[in-house]
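Shared between the two complexes below is chain A, which has chain B as its partner in the first and chain C in the second.
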Partner chain A sequence: MDRGIGSGGAFAWFFQRISGVFLLVALLAHFWVLHYVSGGDVTFQIVAQRLATPIWKTIDLAFLVLAIIHGFNGFIMVIHDYIHNHNLRLVLVSFIWIAGIVLGLLGTITIISFQAPAGGGL
Partner chain B sequence: MHYKWKTGMWAFVMHRVTGLALTVYLIMHINVVSSLHDPGSFNKTMAFLGQPLFRVLELGLLAAVIYHGLNGVRVFLIDFCNRTKNHAAIFWILAATGSVIFIVGAYPLLHHAGIF
Partner chain C sequence: MNTVFKIYRFDPESGRNPRYQYFEIDVTKGQTVLDALIEIKAHKDGSLVFRRSCRSGICGSCAMQINGLNKLACETQVEDLKSKTVTIDPLPGFKPIKDLAVDMEPFYDKLRAVLPYLINPDSPPTDKERIQSPEEFKMIELATSCILCGGCTSSCPSFWADKAYLGPAALVKAYRYVFDTRDRGYSDRSGVVNNKHGLWRCHTIMNCNDACPKHIFPTEGISLLKRKVVEEKY
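Let's turn to the complex of A and B:
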């Protein structure tokens, strides 16, 4: 049986379950912090207070990376189940990898480069 | 192809559909948040996304997240806790739990947006 290129097989399967547990906890915290603690408004001032601190940068980075890998790994698993043409599969899986890496870089740059504006009255 | 469209099959297909939808949302979400480098543009974007139309769409997001998260718990129980023979019962228990969580989440979402 040709499972084709880029199939994570058992690891992809196992990774979805382990990262899923983390994401469930992280997402609950994400909703709680963004939509309940601060009263429901998501403004720059409220987000900046958290995102300027190293601890939140670390949490958000872990959340970002695992969410992207979980989501795009899922996408690749679906492609492997339904796309049987080898070349088309290669194109789609490559595209998913590139999109995932670009999105990961965009998110990482957003988080790491974030600085609270000087004297911004935070 | 002859699939048996029973609880487990529906649960599996809906898990995939919501998973793909959530990944598409994640792409948009990271793009929106990347405007944080410019406070004015971030606040403008958030005000735009605060319109009732997007609040209603967020109900779909809420439902998809709740479904995918709770069914993920079910998948974990089946795969790692030997609960295959209870899978259908677990589905309906989690469906009831999820419905309550949806109402608890949807009410403040719509109320805050001034919809009701």
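Let's turn to the complex of A and C:
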């Protein structure tokens, strides 16, 4: 019986667990910082001020990259679950990769280039 | 107690679509679903097809879907179902051959794929068996009690979606040998279980745990096998 020995799936599965733990911690931290540290006052000024600092850029960049890979890795797993036609699977997985890379790049550009507006009572 | 049995009927030679047929029989206390099927076949309709052998929950032949859950007909007492109508279907996910009998051959192919036997190139000691401590055996004790009824694999939505998926029964068998301290066949089996149609199709839905008549908890074995593969690789 052909079991299609090859690409396995161990890394994708393992990565999903590790990134899942990070995302859970990051999400709780994000929630806490956004709604409690700043006294529950979620305004553009407060968020922009935080997002303009290198440390928060680094955290948000890690958050973005891991969330995108975690999410799109999940999509690929769903494709492997349900799509058994090799060509269709190739098309869909390629689309997922391209969409993930494009979204990741857009988010990265947004985070890195973000500057807090000058003045405005920041 | 009069009970109606709503039974899936399918005869490929008749060319008719599958249908349900209803039989009403008087069920006595302690009577199992298998007893009822045998009575129906003996007194109501001799053409009814189902598999059975030991009637003691050890051969695994009479696994079928009873009121929507995979069970052994011989271990299920009609009274315990607490329903006036008992619906009986063949195991889902497998190809029906006739009535309640399904084609188990693909299931056995997957079992053979995981090399379900002891692999150890070293010769055993000449004066005794290969020794295993009670603690070491405890790791695999539940998994050794599998009767290959197919109830777990047939209840698994991942298997319904991917018929090439090894399924819980074959993976539990792989677990049973990989975690057997006397076995040295991990490298022979890793390519089969660490595979697109192997371990990673299990998403811990846990239907298999409910379906197993021997309470093996296949999901736990599969999870330990996943961890083992990751530890070996990284």
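The criterion applied here is as follows: the second predicted complex is superposed on the first by the 111 of 122 C-alpha atoms of A that agree within 3 Å, B and C clash if a C-alpha of one lies under 4 Å from a C-alpha of the other, contacts with A are read in each partner's own complex, and residues count from 1 in each chain.
Everything below uses one rule, namely that contacts are C-beta pairs under 8 Å (C-beta built on N, C-alpha and C of every residue); 3 or more make two chains touch, one makes a residue touch a chain.
No experiment lies behind these values; they were computed from the predicted model shown.
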{"item": "Touching partner for A:64 - first (chain B), second (chain C), both, neither", "value": "first"}
{"item": "Which partner, chain B or chain C, touches more chain A residues", "value": "B"}
{"item": "First, second, both or neither for A:103, with chain B first and chain C second", "value": "first"}
{"item": "Partner chain(s) touched by A:12 [first = chain B, second = chain C, both, neither]", "value": "second"}
{"item": "A:51 touches, of chain B and chain C: first, second, both or neither?", "value": "first"}
{"item": "Doubly contacted residues of chain A, that is, touched by chain B and again by chain C", "value": "none"}
{"item": "Of all residues in chain B, those that touch chain A in their complex", "value": "16, 19-20, 22-23, 26-27, 30-31, 33-34, 36-37, 39, 42-43, 46, 65, 69, 72-73, 75-76, 79-80, 105, 108-109, 112"}
{"item": "Touching residues (chain side chain C, partner chain A) in the complex", "value": "109-110, 112-113, 158, 161-162, 164, 166, 191-192, 194-201, 203, 226, 229-230, 233-234"}
{"item": "Contacting residues of chain A [partner chain B, same complex]", "value": "17, 20-21, 23-24, 27, 31, 35-36, 40, 42-45, 47-48, 51, 64, 67-68, 71-72, 74-75, 78, 99, 103, 106-107, 109-110, 113-114, 117, 120"}
{"item": "Residues on chain A engaged by chain C in the complex (per definition of touch)", "value": "1, 3-14, 77, 80-82, 84"}
